[in-house]
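Dropping the structures in below, format is structure tokens.
Below are two complexes that have chain A in common, paired first with chain B and then with chain C.
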Partner chain A sequence: MTFDLSIITANADAIWNAFLVTIYTWLAGSVLGLIAGLLIAALMLFGGRPLQRLLRVFIELVRGTPFLVILFLVYYGGPSFGLRLGAITAGVVCIAGYSSVYFAEIFRSGFAAVPRGQLEAGECLGLGRLQLMWRVQLPQMLVLILPSIINMLTILCKETAVLSIITVPELTAVLTGIGTRTFTFIETLLVLCIAYLLLIEITSRAGRWLERRVGTYLQR
Partner chain B sequence: MPLSLSPSTSPPAASNLEATPKGPDKASPIIHLSAVGKRFGNHQVLADINLSVHHSEVVCLIGPSGSGKSTLLRSMAFLEEYDEGEIHIEGRLLGWEIDDRGRRKHAGRTRLNQARRNLGIVFQQFNLWPHMTALGNVTEALVRVRGIKRNEAEKRAMEVLDKVGLAEKAKEYPARLSGGQQQRVAIARALAMEPKIMLFDEPTSALDPELVGEVLAVMKQLALEGMTMVVVTHEMGFAAQVADTVVFLDQGSIVTRGTPSEVFRDTQHPRLRQFLQNYLDRNAFWHTTTEQEN
Partner chain C sequence: MFDWPTFLFSLPLLGKALLITLQTSLLGNAIGFVIGTLIASMQLAKMPLLRRLGGSYIFIFRGVPLLVQLLVIYYLAPMFGLPNLPPMVAAIMALSLCSGAYIAEILRGGLLAIPSGQREAAHLLGMSRPAILLRVELPQAVQSTLPSLVNELVLLIKSSALVSVVGLADLTRVAQNLASSDYLFFQHYLVLAGIYCLINIPLTMFGRRLERHLERSLA
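Up next, the complex of A and B:
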């Protein structure tokens, strides 16, 4: 077996760019997904019954569809509905939409975990629904849901690999491309694995650090 | 033998309050409930409650658990929606609006907040926000609701915390405070908004017996200063010493009411006597030991 890392150094620029594309699609998609998820959870909480039902249907539909199929629907099926997106944009939109329903469920459980009495106290002091959500519910539920959010983020990081199917020039697409062109599978796949491992390790470390920071008030 | 829970020497301050309610508008009640009722499904939790609370009056609601006293108190802040009768706070109908056809519908948020503006409420479970310091808890509504600048709000919050004896704990999170201290912070949080009426929902029921005293002391002080108070409590001693009016509820109705001496000493009402006897029985060990000594 030959093991020659020169193929990596020779393509360093392309790999670095692919790494950036992976990070961009992952983070942009996740942030949008988080915002959309919070919005869905809040609307399900405060919106009327019909809206609640509608959102529930949306959640079940997205959860019931494989990510790859969602990707095909948006990227290849989109133009039939007048939705023409570039590959990277389509990737970001899909990650956002796909993750939003999972994030929504995480947020929903978080809202439920903050005792009702704390809201009653705030209500009686004249605080509004949004103020209570922002100042009382979110900071507390963050401590509770942070592990689930971090978990979801690591999953999404790896899901970006699927974007290679719709020609997004991210890590998996570029490295497997180099591999098949030059028959250097071991080297490229090794780098690929290390790259994802690195991202996920950084994420979980940041998560643990955050957990300790936001949880200080719980210490006796 | 007459039932007696009031101390042999009644404190002069309490009887003064009883005699002369202060305040600008002493004639009209600050809280007025007429024919208030509420049901959960088939269960009538409150029925035909008529009650007036005047300026500087201290009203204690007593009764067995499930008698509806907490529901009644929570109705006064519209945390429970009463569905019959009317509750007026300073002349404003609480929680409901009557439309042109005479049907009631929920009052809008601003209107509800307006009616609640002069209410402070203290809960059994304190309901402090655990992610904010004591100071943060007290400051929050001053800044976000009253729109006071943060440093000014903190000054005011410190004054109120000092009043409940917790100025030096201002920077602590609730988890690091004892139950009694937490409840005093909760009282400070309500007081900071300068309410005219304070509602207390079993404020000492979640506390270790040793910590009850410090909370009751703060409440006594408030009563002495002329605060209008409605207190749901199991502390009969407190009710006997501080209340102007004691209201006894059973099965959702007001069974009897009167001054502490009328309710605790002179009542002939069988249900009330039975209820009070339970409190005396709890201290029975005290009598038996003294008897044995004799």
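Up next, the complex of A and C:
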């Protein structure tokens, strides 16, 4: 058993690119997922009964299915419907779709947490439904749901590792690839673990900092 | 569109694979519970070193993706001169180590919520520290965190799809093999998703009922 980090420096370029792919799939997927989640939550609030039922079923189905299976469905099953996506695009789409239902649930609980009295007051002032949502509910609930959103972001960061199974050239795929080619599992897997730990730690620290900043009015 | 004969042919195979999936995730959850109890009590211990250790365990096993943990266990064991782990053992090890960290966080909350008077009373009755944990604190912590524990089980069953990577013939792996033998990718993966939902959705609903029940009994 030897420990030689030169295998990492020799492949620094490839690893850096893989890191960028990880960041890209994670952030692009999360941002799209946040937007879709907000849309789903808003539709569930303002849409009619049938739409609500339909979205409920969609949410339960996505939540009951492993992320890997969703990836397989879209990436390998998609072409039977003419949906041919590249691996990276499929990864972003799946992360967005998978996270949208979780984000929708988070937003829904946030909407419910803003006191009704404020909505009634806004209505009396002549604000429309959309304005109420955008100007009264959203700013307040964002503070409340920030911890849940950061938590979801760290979960999604870890889910990007699964993308390696559908050949997305991200950190896990590239580093284990180097490992199997050169039989340097210890070095590559160590770097891999440290990379994820760093990403997760930075995210949760940034989240805590943000919570303190936006939550000052909640403290007495 | 949907090829029924293929579906009927695949059912017995998927049934066998379902048993493997359930076996790994339930065993993983059970061992994870033991690890979780241990880590949670370490975190609540008085000794700073124990607290540190418990905290680091949670930091590492919650910060590294389960897939990477699986790869580490599967690839690194032989590097350290250990015999090659059978896929089943590697899978259960990874699942229990990872779920242990999450269960520890859940149980810690439950343990913290128990009034300290109970511990003192048990202590005065002459119970030892482990006995207090196992017979006074843990039952109450489990009861109050049961919804979260059920939720964790659902997450674990979903994560168990990843063990297909180390070659264990679980649901996902068998569906993959079926799909690559007759190219009916969408159909097989749809059935696969359906089976996972059939397990997970009732479990989720059960968890929600427990939660409501708990809220009512506390109110």
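As a convention for this text, the second predicted complex is superposed on the first by the 218 of 220 C-alpha atoms of A that agree within 3 Å, B and C clash if a C-alpha of one lies under 4 Å from a C-alpha of the other, contacts with A are read in each partner's own complex, and residues count from 1 in each chain.
In the analysis below, contacts are C-beta pairs under 8 Å (C-beta built on N, C-alpha and C of every residue); 3 or more make two chains touch, one makes a residue touch a chain.
Quantities reported herein were computed from a predicted structural model and do not represent experimental measurements.
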Query raised in the report: Putting chain B and chain C onto chain A via the overlay, clash or fit?
Result: fit
Query raised in the report: Is A:16 in contact with chain B, with chain C, with both, or with neither (first, second, both, neither)?
Result: neither
Query raised in the report: Now for A:122: first (chain B), second (chain C), both, or neither, which partner does it touch?
Result: first
Report task. Could you tell me if A:46 is touching chain B, chain C, both of them or neither one (first, second, both, neither)? Result -> neither
Report task. Please work out whether A:209 is in contact with chain B alone, chain C alone, both, or neither, and reply first, second, both or neither. Result -> neither
**Report entry** First (chain B), second (chain C), both or neither touched by A:136
**Finding:** first
Report summary line: Between chain B and chain C, more residues of chain A are touched by C
Report task. State the minimum pairwise Cα distance, in Å, between chain B and chain C in the overlaid complexes. Result -> 24
Requested in this report: In the complex, go through chain C and note every residue touching chain A.
Outcome: 59-60, 62-68, 71-72, 75-76, 79-81, 154, 158-162, 164-165, 172, 175-176, 179, 185-187, 189-190, 192-193, 196-197, 199-201, 204
Query raised in the report: Taking the complex as given, what residues does chain B use to touch chain A?
Result: 77, 79, 109, 113, 116-117, 119-121, 123, 125, 127-132, 140-141, 144-145, 173, 175-176, 186, 189-190, 193
Report task. Would you mind writing out the residues of chain A in touch with chain B in their complex? Result -> 115, 117-118, 120-128, 131, 135-136, 139-140, 143, 216-220
Query raised in the report: Hey, which residues of chain A end up touching chain C in the complex?
Result: 1, 60-61, 63-70, 72-73, 76-81, 158-162, 164-165, 172, 176, 179, 185-186, 189, 192-193, 196-197, 200-201
